[in-house]
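One structure follows; several queries about it will come next.
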Amino acid sequence: MADDDALFEKGLPIRREVLGADYVDASLEKADDFMMAFQRITTSWAWGMAWGDPTLDRKTRSIINLAMLTALGKIPEVKLHVKGALNNGVSVDEIRATLSHAAAYCGIPAALDAFKAAHEVLIAEGAIKAKK
Amino acid sequence: MADDDALFEKGLPIRREVLGADYVDASLEKADDFMMAFQRITTSWAWGMAWGDPTLDRKTRSIINLAMLTALGKIPEVKLHVKGALNNGVSVDEIRATLSHAAAYCGIPAALDAFKAAHEVLIAEGAIKAKK
Amino acid sequence: MADDDALFEKGLPIRREVLGADYVDASLEKADDFMMAFQRITTSWAWGMAWGDPTLDRKTRSIINLAMLTALGKIPEVKLHVKGALNNGVSVDEIRATLSHAAAYCGIPAALDAFKAAHEVLIAEGAIKAKK
Amino acid sequence: MADDDALFEKGLPIRREVLGADYVDASLEKADDFMMAFQRITTSWAWGMAWGDPTLDRKTRSIINLAMLTALGKIPEVKLHVKGALNNGVSVDEIRATLSHAAAYCGIPAALDAFKAAHEVLIAEGAIKAKK
Amino acid sequence: MADDDALFEKGLPIRREVLGADYVDASLEKADDFMMAFQRITTSWAWGMAWGDPTLDRKTRSIINLAMLTALGKIPEVKLHVKGALNNGVSVDEIRATLSHAAAYCGIPAALDAFKAAHEVLIAEGAIKAKK
Amino acid sequence: MADDDALFEKGLPIRREVLGADYVDASLEKADDFMMAFQRITTSWAWGMAWGDPTLDRKTRSIINLAMLTALGKIPEVKLHVKGALNNGVSVDEIRATLSHAAAYCGIPAALDAFKAAHEVLIAEGAIKAKK
């Protein structure tokens, strides 16, 4: 039994619900020993410890993540969490407002990266229609 | 009339309500031409453009800011927005949960700076009692 | 009428002159509501407020941007502003010197990303010839 | 029993050995509920998960931290880990070489902050003598 | 003779002219072996390699530095380079315009730190008068 | 003779040994005047000055770089230095432990980028086998 088993077991179902069971199960299944080290850290710490605390609801955590990942400049994670935000009931307008809010604090180049990444996912997920 | 007058006028009352009228009025009054350039930028863009959009409520924007400013490592702004968060109805537990959430995404040294800064303001504002 | 109309109208022609009218017009035309939020912020704030202030000439602002975007690690924006720098009369040697300057302050990995991005644009724009 | 108990119990003795038992015990004892959230995160994740893995020895981890915290610009943590580095057998010359190495990758302003912080701790700890 | 002697000798007089001979000589004189490692790096690379290249004039390099150090969040270096900027003929208005420009790209918290630091130096240097 | 000739000559053989002679020679050979400015800075400063100092061994410097480049978010450089780390005798397990260590300090999104980049190189280099 690993030291983080309790957190891993707590985080896994939350991660599957927010990011999609197929995506999460595939990430775990294809992980070799090297990548499993990362899979355990993110599942236990981000999903078990952070998301597992009911003090903030999931919709609020999704909004936090969009702004925080824009600040950190982690664009692949922005994309992942746009999907998660839609699953957690964040509207397209709320995503737009969150990234506009982040623009004022993180600067325009950081916001550009996040807007483009979010737009791409929103089109792909059918949440907005591509302009003709 | 300056080009950003409409945004400035929209942002000023929101900024006064969130950060406190005394603090904001003093910042503007003591500002010379040099600092007034910054005062206009922050009032127009952060408060008029971002906070002035009703799509997200103020409590949510306060929570976003605590996490985003932790990511950016801007500790004096974290302090200012802990005060603002209390004014906007964010509880001490929600502040704690927001910074714990940020720890997983921004790393432990960023979280340490934010926890210490928030703790100092929460004691000063009487939101938590100093441990004997 | 939107609150930032005056700044948007001020910024738009400057943005078109620096980045090219075709590029800017296409960005605006293809923008749906979601992306238009970003288009307004960048046109009004970066181009209307910042670039619209005549205190610094455009050549100096282009040089600032190359160094500042290297510091921020925003490589697609570095590419855009290498084009803008050429339009604003910055020479290839001045671009090289700006990025070498940035290397000392931002570190070698940040400079590597910027040198590679700038080189790619300079070749594409015909400002330097590809080495045989 | 909390979900992170196993990691916390694993990390606590390592943290006490590296940073000093007095410092760590005082941090824990003075922590109220708000700060205890951070204490658990750092003890479990930094000390239990990361430092608790024997694959890298403690001296190497101390050297990593000096460079990585310079990159992150977290100066109070640099100070803490200069102390830890001395406890883990890193020599003054090795600290100097680590920060010189970091200068090339993180840039000169980041290195300046780290050199000044390390120097202050090295004098305070008696590891180098103040120049007359 | 050290490997970086040529760069060090090239950089030293430039550094003395821009930052002030008294400040630079004192930094070198008080430096012990530990701090001399940093003194050589900054003098050789920032001042010899970067500033020593005549392709960009000193006034332009000072303006670059104000924006780039704002992006990097290195506030003690911003202060140093506000002094250097005044020595290199940058006007108070140009400093204000540079930091306003940086605000749009680096975000408002980064600009706040830089504006406050610059203002403090400009008052101390007598470049602007304290508002009564 | 350029001012950094001594450092360039010192750094070049070290760079060739760590990153591979073919890769380094090709980088230098294809470099035009523009890119040669960068080639000289990295060879002289990073490889001549930093790596050329025998106070830290090459294996330790490789481990430092993996963590420091994760903190800086410079993923193409992470890839380059995973190769260098293998050349310098760092094991796959030590790379995994270094990136797990970095996760605690730099946050999970920074670690994700580094884990994915390292994994890709380790597969390509045959250091780990692709999972079927």
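Observations, loosely collected:
Letters A, B, C, D, E and F mark the chains as written, and numbering starts fresh at 1 in each.
The rule is short, and it goes like this: a contact is a pair of C-beta atoms (placed from the backbone, for glycine too) under 8 Å apart; a residue touches a chain by one contact, two chains touch by 3 or more.
The UniProt protein names, listed by chain, are A, B, C, D, E, F = 4-carboxymuconolactone decarboxylase.
None of these values were measured; they are calculated from a predicted model.
Seen from the Cα centre of chain D, the chain whose own Cα centre is farthest off is C.
Comparing the chain pairs D-E and B-F, the larger number of C-beta pairs in contact belongs to D-E. Our note on geometry: chain B versus chain D, Cα centroid distance of 30 Å, whole angstroms. Counting partner chains per residue, chain C has residues 41, 45-46, 49, 69, 72-73, 96, 100, 103-110 touching two or more of them. Of all residues in chain F, those touching chain B in their complex are 104-110. Contact residues of chain D toward chain F in the complex are 45-46, 49-51, 53, 55-56, 60-61, 63-65, 67-72, 93-94, 96-98, 100-106. Listing the residues of chain D that touch chain E in their complex gives 73, 92, 95-96, 99-100, 103, 107-113, 115, 118-119, 122, 128-131. On the side of chain E, the complex with chain F involves touching residues 3-7, 10, 41, 45, 48-49, 52.
Interface residues of chain F, counted against chain C in their complex, comprise 30-35, 37-38, 41-42, 45-46, 69, 72-74, 76-77.
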